[in-house]
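Please read through the structure below; I'll follow up with questions.
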Amino acid sequence: MPDGPTASERFLNGILPENPVYRQLLGMCPVLAVTAAMLPALTMAAATAFVLISANVIISLIRGQLRPHLRILVFTLTIATFVTIADRFLAAYLYEMSKVLGPYVPLIIVNCLIISRCEICASKQTVRVAVADAVGMSLGFTLALVSIATVREVLGSGTWLGLRVLPEAWPNWGIMVLPPGAFLVLGLLLAGVEWWGQWRAERAALAVASVSRSLQGQSGGAAREEEASSWKA
Amino acid sequence: MESLTLLVQIFVSAAIINNFVLHYFVGICPFLGVSRRVDMAFGMGCAVTFVISIAALLSWTFTYYLLRPDAPLPAWLWQRAGGDPSVAIDLSVLSYIMYIFVIASSVQFVEMYVRKFAPKLHKSFGVFLPLITTNCAILFACLIILRNLQDPAQLWGPAEALTLALGGGVGFTLAICLMAGIREELELCDVPRPLRGAGITLLVAGILAMAVMGFAGVDQNLQNVIDAFFN
Amino acid sequence: MTNSRKIRGYLQQAWLVLLLAGAYGGALAGVQMTLAPRIAENRRRETYQTIPQLVPGADRERTVELWISDREGNPARVYRTHDAEGRHNGWVLPASGPGFADDIGLLIGLDASLKKLTGMYVLDQRETPGLGDYIRDADFRRQFQGHAADTPIEAVKSDPQEQQIVVLSGATVSSSSVCRIINTAIARMRGPLLQSQAAASAAGGDAREQEL
């Protein structure tokens, strides 16, 4: 297949198997900086999704005319323009939130996630595939932001999206909403995802091994002996 | 004297208390990626400090004369072109695009210059230069300068901009070198398998961030000491 | 001949970039034209809606924004407040300075004769949640009302006397930062404001009528 994964595969890929934060470690700066509470995290995710999808569409539309040595220039120009638009919209319609996010909205320009999607996918694929890829990646990024913000807001303030979920008696873990909390939560969640991946890989390996063993069991005892000794080694 | 106090306070705040990496989370990518060995980390830190200073001075110049709400250059051009002088020209909507190109071109020029005139230096940190364009720390410094030029009540001069950049660069170098030192030791430890790589690095960064929080408020007392010394 | 070919070559390479730059420039200009008034209005409203809390009896619709040179000759923004009948009844000074973690942005309310503090409001802060961010609380802010404006305010741990406030427990630095910012701002602006008032009354006319 010359085109690589199809649109729907790319869409699903972005959400979990190639999650931009947990798998590719891209765009760490907003992941750490704006996740002290759910609301700024969601706003940040929406702004990033807007920029990512718009930039992917534009780059995919002009991909036939792109000169290789000018492509990074075009990517940067496109991303910076859409980030400016997103920033102005936030300042006009969600003024309080734009004050909370502060410089992290313009910092979307240097979010490696967007430029890497332009380079890897949008500049080579049709608009349909590029949009599917961008939406999938945005959802994956949102998922990551939301998961971290959930842990930090619930433990740090006893609320979720501003609603109280833990009893008033809960002693707020101040550290969670402070910078160190961001590092600790992300580190532990990354380790959790990694552990889950390893556990699944091990189980899959065991399943393959048992299937092959049972197949070999039918063909003869000698092969089984050999298999067992190789497992011991 | 008052300006000296301000400069000291900006520097200490950017370098230690509100450390770019451990408090504002900018420059995380190289902080996680290039912190395996102390010498490489130091090279990266020097490269960032170098570029951040140049980019900060350039973006201060552009912002002061061109982009801030009542900048002199566009107003002058507008009046020369016969425009109504009472209309305020605000080009600040272009600032993000301007900054990213200032950063990209200053990285290019620094690379060319260093390769030509200081090949030895280029050998030690030249490899990091292209990576720096997408380092958020530099754009972040430019954005802080923009914020401090928007309010005419407290206009920053080039000295303040440069001090902020140097402080930020020193803070970045400090954080990444500390991290690299710890990671060199971690090589010898039995880290649980899922935590290896980014996981343990982030946990260590969390502990470093806690340590840096202990410096909060130091700039105030420093300011008091300087005031007392001069009075 | 070679020159024009060179230019054609450049254009062939770069027409897309130039076209995109033009299109994006147009889009940004459009965004700026439509949204800039709204953003400016948001910024204005943020300050203006707190003015009745800062100067008792002030009408936010009758507040006038002024630019006055401070003690060192730099321009500074102040707000001149008026009551519902249009009588001048106070001043509001924006001020900012370093707090415990980041810069703290404040609004300071003064009475018309610049003798007394009438209120304080925190616009921007990133102090420690659960400790330093209590500087936003009404109980803490109320402490600043009624102090004399010509002597600095001090933060003490307990038993406040004249010109003293009690620090928040666990947030000594945040509390004294607020005092410091207020003292600096008043020292910076009080003289020039008194001068401008004296000049206005010496001129005999009430400047208020023209401002409104």
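Letters A, B and C mark the chains in the order given here, with residues in each chain numbered from 1 onward.
As a convention for this text, a contact is a pair of C-beta atoms (placed from the backbone, for glycine too) under 8 Å apart; a residue touches a chain by one contact, two chains touch by 3 or more.
Not measured: the values here are computed from a predicted model.
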Among line, ring, star, complete and other, which one matches the pattern of chain touches? complete
Please indicate which chain is farthest from subunit A, where distance is taken between mean Cα coordinates of the chains. C
Any idea whether A-B or A-C has more C-beta pairs in contact? A-B
Between subunit A and subunit B, tell me the centre distance in angstrom, where each centre is the average of that chain's C-alpha atoms. 26
Please compute the C-alpha centroid of subunit A, do the same for subunit C, then give the distance between them in whole Å. 39
Could you check subunit C for residues that touch two or more other chains and list them? 24, 28, 31-32
Enumerate the residues of subunit A that touch no fewer than two other chains. 77, 81, 84, 88, 178
Two or more partner chains touched - positions in subunit B: 23, 93-94, 97
So in the complex, which bits of subunit B are touching subunit C? 9, 13, 17-18, 23, 90, 93-94, 97, 151-155, 216-217, 219-220, 223
Considering the complex alone, what residue numbers of subunit C touch subunit A? 13-14, 16-17, 20-21, 24, 27-28, 31-32, 35, 38-39, 42-43, 46, 124, 128-131
Along subunit A, where are the residues that touch subunit C in the complex? 62, 65-67, 70, 73-74, 77-78, 81, 84-85, 88-89, 91-93, 95, 99, 156-157, 172, 174, 177-178
Which bits of subunit C are touching subunit B when the two form their complex? 24, 28-29, 31-32, 36, 67, 74-77, 94, 96, 98, 100-102, 173, 176-177, 180
Quick one: in the complex, what on subunit B touches subunit A? 22-29, 32, 93-94, 96-97, 100-101, 104, 134-136, 139-140, 143-144, 147, 192-195, 198-203, 205-207, 209-210, 213
